[in-house]
């Protein structure tokens, strides 16, 4: 039952073994997941698309044995498992946790921003009371704090090893941990050939969860999707991570290959009309866009029906489910009506920007949009922007008049999504949208618990405004596709990276 | 006058003397050249009349008929958006030929000017130019093209410029060598005695003589230019969608081969290959046509 | 020893078949030398390739038989032929430098042949190769063994080629124009060497040449070829004194020799009286202390070392000397294609050297000094027609246009005897003589006062040379031009020039009226030049 | 021989301005790349402040010429900078990846020469015949296909359909361990270690990508061989050799071929640098961890140091290669360096 090797292919390249480091890319987050432990983790539930999924609503212990939260919600006390050890055999102590958290809030960049989302901002909030007791003090209570401790960022590092390799210029041992992880997690990296492969070997002393079934995991980087497909189909590898929708649809129909397509929680592919661009300041024009979009055709050609439709929903908002279907659907007549009613009845020209790095779904979508918008007098030229430029243009400078975008929030609450995507000036609000009511609604809702009486009405109001103002026109909720051949146990995670711990050989 | 009567029995103009007659002769002489010119004519036809003749709008999508295999309706099948591959392949001819011809013309002109100057006057000009060319050549050429397109943005013009830049050294070198061996030739000296300035001697007398070997280079480069554009498309730096272009079609279609939709890549690939093939084979024929010595 | 009967050879070409050799028969006796003479393209070389069976692709022996020492060479297997080539019959070619593998040490090239024919083993090949080199009188053969062809002079290369040919002690040597491209003094040395060696070893030889004078000096018998046929055969003296065939007569007449006037070179029926030309006292060109130094790779090369001379109006001045003596450099400076390092060139009293050659094309005197180039083929733009070549100076300097230009071109063509239909042809469609005429027409188009002729006939057959020389004489009389005539052929200079300069290593070593310099050479160098020139027997006055 | 070493020194001297030119152009090219590396590397949720902070640590807030001086200063100290994508010294990255590209390129060229040169000789000995035409058409077909297309087609046929080729997973299948690092060339390292199983495994992985590249390079080599052979065969010294009775073999290989090698060697140099460029595409298809795929990735994310390092490495390689060719030339041709 335990032992053996599994080979996984992925198209992404891992560029660092340390998530906190500046420049570490998304694919590398898996190292933080597989090699390090956090205090807590999310539970597991059955996923809608088959297989398993993390469960946002259940927090389970990982390194922490138990925790208590003070009544005012400002103090959290964690007891660390007494049998937890790092790979070098040393016991995991609260000092390690404090050092690791200090590092996360001090490193700057993404880890610091993510910690801040849970109200964790400064080292003085963390205290190692004794070897096994760790205390967090918050400035204000937030429902996001505990879940934020379960994301990959606040992972716990063997601080003794790290400090031994720190230098004056590099107090956080960034250079060292970049190449050599030092943790207590389920797997250790035994080999990392950059640009080629990462080899994990199981840590038999792991106490963070059930012992993984595979002893060795090889993650190979194969950039060409066609090659990846051939490999999984022929059974030369057991798992292909993050496969294109088309392959997912076709492999699903095939014997021997299992495909899991999990709609990504809190993530929506949208079309964003930029409010800096004059015609899009006109609500009629935005609505005309929303009615002109050939949703179904896009969903079928760009996503091959993988994921969930985000159009044609009820006009009346009765619950706080998110992502949710917008009340719009393809209706050219209505689109033309709105166009006619706008002050741009004779149409206009606008570039439609897509990212080169995300061309696999953006390009077919853009082509269909281009055709459809032509029908209502909006002429578009498709502009492909290289990966490096995309972030700057779309998110930082927010200068793209009309573009596709796909923000997904790690913390699965609608207000968290709105915080990033609808608040003015925030990174993913690439439409330059500003609505005073949304601003106050988000601020007052973000940290209150979900069972707070103000929560549901606030959320519903946000939805109403969002669908009326349409700074982001939802297209569909994407799915993360994974193909397995002769392996099982796949679990979906919001961070969309590979968790190799629960994988097992196929039971059949 | 015995020497003349002996060697020129008839003084009337023969068929081979006219330019057209000469071309016909060159074509007949070599079956491969004949084939190449026939294919060239075909591609030119596609470029001029293709858009008017194709059965479908190359840009019109039809989600209901996406990814259909070749049939009577769609000779080359349809792509993932239901567009007719045949129409796209034919319509793309014009753009692809434009890219390659424009790029080659540009590098031909610039390379010729630089090469002529260096070859004729020599000295420090020559040395400086050689170092510049060496510098360009020291880049892996495809990577240089990638860099230029990445820096300037991936429009058709920039692809043409990038392709032209990487081809300039070939022309400059070739012309330099050809001009250099002729700069002290008798006919260049004679032209100077006849009152031609250096520039005129170079432009009117010496340079045209380097055309025959250039033609071979031109034909090779026309092919490379298309391949280069295709490679850029594969990296994602090709022309913007939805413009049909062979390279993009092959590059995108390549991902569909393994899943069985071979027609997406194979037909544009075949077309591209045929075009490059045609250009490559054209070289010898073109050279023979511009070479007066091949006239009889 | 060798007997060829009714041999004919044809080539398949674009224009159909070329019958290069059309049924010739000849014999070579042991120890005798047979000369084959004839104009370019008459099939001399093809005959020799055919009997060696090394014809180019497309060539084929159609009929006839070739018997060597009882073996039928046509029927022999390729293997047998390989043993015969080099071992029994060997060949030497013109242009010795090109005939040697440029990247193989000459000693090894000799060894290759020795080993191929089992004349040496790997152990003693070295010694035997050096012996073979010594046999052709190469100084310090052991050192030369390691040399590459480019490190040796032309004459030295020809000796190596001869060494290769004679290494295996063959019975028959075929020498195909062995001395073209060599200086006359070297030519004499090489021919004497070959003659001595064949005589010593009792070998037969076929000497192929276009130079009747040379053939008559070294051959026992001579055959004359024309258009692939043998038109006459006999011993040299008889051939000269009593040529039977009209073509032979033409060749004999056209060969410049002592005692013949320039009109004598033409066939009797076309001879006219030689027009006199008038030499004025006024100096047209005066060259003073002219120096030219080239920046060579290994130090500066002094091509011309302070020479001075004069050309009077209407006078023809000959300039002779060996290869590399600075003749071309001098003429290029005079014609203002090159700038002298120092010195003056006074033309009509004006110092034209003061104007840089790069700007001289706008000088009013540009049209007054023109030149005819050594290699007519090279001097015509391959992409331009004959007419465009002749029109060029008229259009550029005289600014003639349209029908006036065409008329003048036609007039010039008439003047040099170039048929009108040829004007629209490209250079490669013209024969050597026709190209020379185009070159001359272009040079005289502006009616220059001084015409510089840099070996204008060096690449031509004797009969064509005769016509061109006579044309020059006619033009000189008609137009009153002065000539600076550069040549390595003393016999030609004697025919054409009033005075002569002899150059050696950039200096003028001898000068004076042609007759006195030639008949009583004061300088040893002039004497050696004159001795080296082949002297054909004087035919009975025709 | 002094003349030759002088010639070689001269060539090295000529290379210096080239390298300087490459340094300048690669610097300018990278700065011309669109996009803000600072924004890119700040990560998916960074704010203005952290982007500015990163910009400062990268030195991107300095004026351009100052950045250039820093760059040149670092270069002189042998420091190519740190790649932002991989987080390692560019020198280390190149050291790890260059052998992979070189191994692929060299094997491809060897393969290509082994086919193209005999083909060219064959065509030259029978000019104008069907053999000649067939050779021409075949090699031209090879060079007419985009390399990535050939690669994918080969994978589809030989791996996916026929199952003959090993899985296109880079330099070694995962069942093998890479041989101990000596040269970085797996074939050589495995042979040195006496690990023939790995050697075979590495060779198998090489076959498809090398074939892809070789197909692309057949044409220039074959055509140049043919042309050079033709002109060598028609020269006077071949006639002399034949007239001296040398055997056909000796004439063809000892005399004509050795002379024809000169232009072929020059072409080889050009083809080599050409192939290194084409590598970029092939490496992507075959998941080959070479320098080409490194460059593409770096270029797309405007990773300045990595792009510059790559270009510089290539330029040095090119210069070194030309030097080798010149030396090879001098070895074959005694005339070089003396006139």
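Residue numbering begins at 1 within each chain, and the chains themselves are lettered A, B, C and D in the order written.
Following the convention adopted for this analysis, contacts are C-beta pairs under 8 Å (C-beta built on N, C-alpha and C of every residue); 3 or more make two chains touch, one makes a residue touch a chain.
Computed from a prediction, not measured in an experiment: that's the story for all the values here.
*Asks:* Could you work out which chain's C-alpha centre is the most distant one from the centre of subunit A?
*Replies:* C
*Asks:* Could you quickly compare B-D and C-D and let me know which has more C-beta contacts?
*Replies:* Between the two chain pairs, B-D has more contacting C-beta pairs.
*Asks:* If you average the CA atoms of subunit B and of subunit D, how many Å lie between those two points?
*Replies:* The separation of the two C-alpha centroids amounts to 24 Å.
*Asks:* Provide the C-alpha centroid distance between subunit A and subunit C, rounded to the nearest whole angstrom.
*Replies:* Those two chain centres are 88 Å apart.
*Asks:* Centroid of subunit C to centroid of subunit D, CA atoms only: how many Å?
*Replies:* Subunit C and subunit D have C-alpha centres separated by 50 Å.
*Asks:* Quick one: subunit B and subunit C, Cα centre-to-centre, how many Å?
*Replies:* 44
*Asks:* At least two partner chains per residue is the criterion; list those residues in subunit D.
*Replies:* Answer for subunit D, listing residues that touch two or more other chains: 33-34, 152, 155-156, 160, 284, 300.
*Asks:* Where in subunit B do residues touch at least two different other chains?
*Replies:* Residue numbers touching two or more other chains: 150, 236, 254, 257-258.
*Asks:* Touching at least two other chains at once: which residues of subunit A meet that condition?
*Replies:* In subunit A, residues 224, 226-227, 230, 233, 356, 386 touch at least two other chains, as defined above.
*Asks:* If I apply the definition of touch given earlier, which pairs of chains qualify?
*Replies:* Once each pair is checked, the touching ones are A-B, A-D, B-C, B-D, C-D.
*Asks:* Hey, which residues of subunit A end up touching subunit B in the complex?
*Replies:* Spelled out, the residues of subunit A in touch with subunit B are 224-227, 229-230, 233, 244, 246-247, 250, 294, 296-297, 300-301, 356, 359, 363-364, 366-368, 370-371, 381-384, 386.
*Asks:* Under the stated contact criterion, what part of subunit B meets subunit C in this complex?
*Replies:* Residues 1-4, 7-8, 11-13, 17, 29, 185-187, 189-198, 205, 208-209, 292-293, 295-296.
*Asks:* Which of the residues in subunit C come into contact with subunit B in the complex?
*Replies:* That would be residues 14-15, 250, 267, 332, 335, 337, 358, 361-362, 366-367, 370-371, 373-375, 378-384, 389, 392-393, 396-397, 417, 419, 421-422, 424, 426, 428-429, 431-434, 439, 442-443, 461, 463-464, 467 of subunit C.
*Asks:* Where on subunit A is subunit D touching in the complex?
*Replies:* So the residues of subunit A touching subunit D come out as 7, 9, 13, 15-16, 21-26, 108-110, 112-114, 178-179, 193-197, 218, 220-224, 226-227, 230-231, 233-234, 236-237, 356-357, 385-392, 395-396, 420, 427.
*Asks:* What residues of subunit B sit close enough to touch subunit D in their complex?
*Replies:* Its residues touching subunit D are 31-32, 131-132, 134-135, 137-143, 146-148, 150-153, 223, 227, 230-231, 234-236, 247, 250-251, 254, 257-258, 265, 269, 272-274, 276-277, 280-281.
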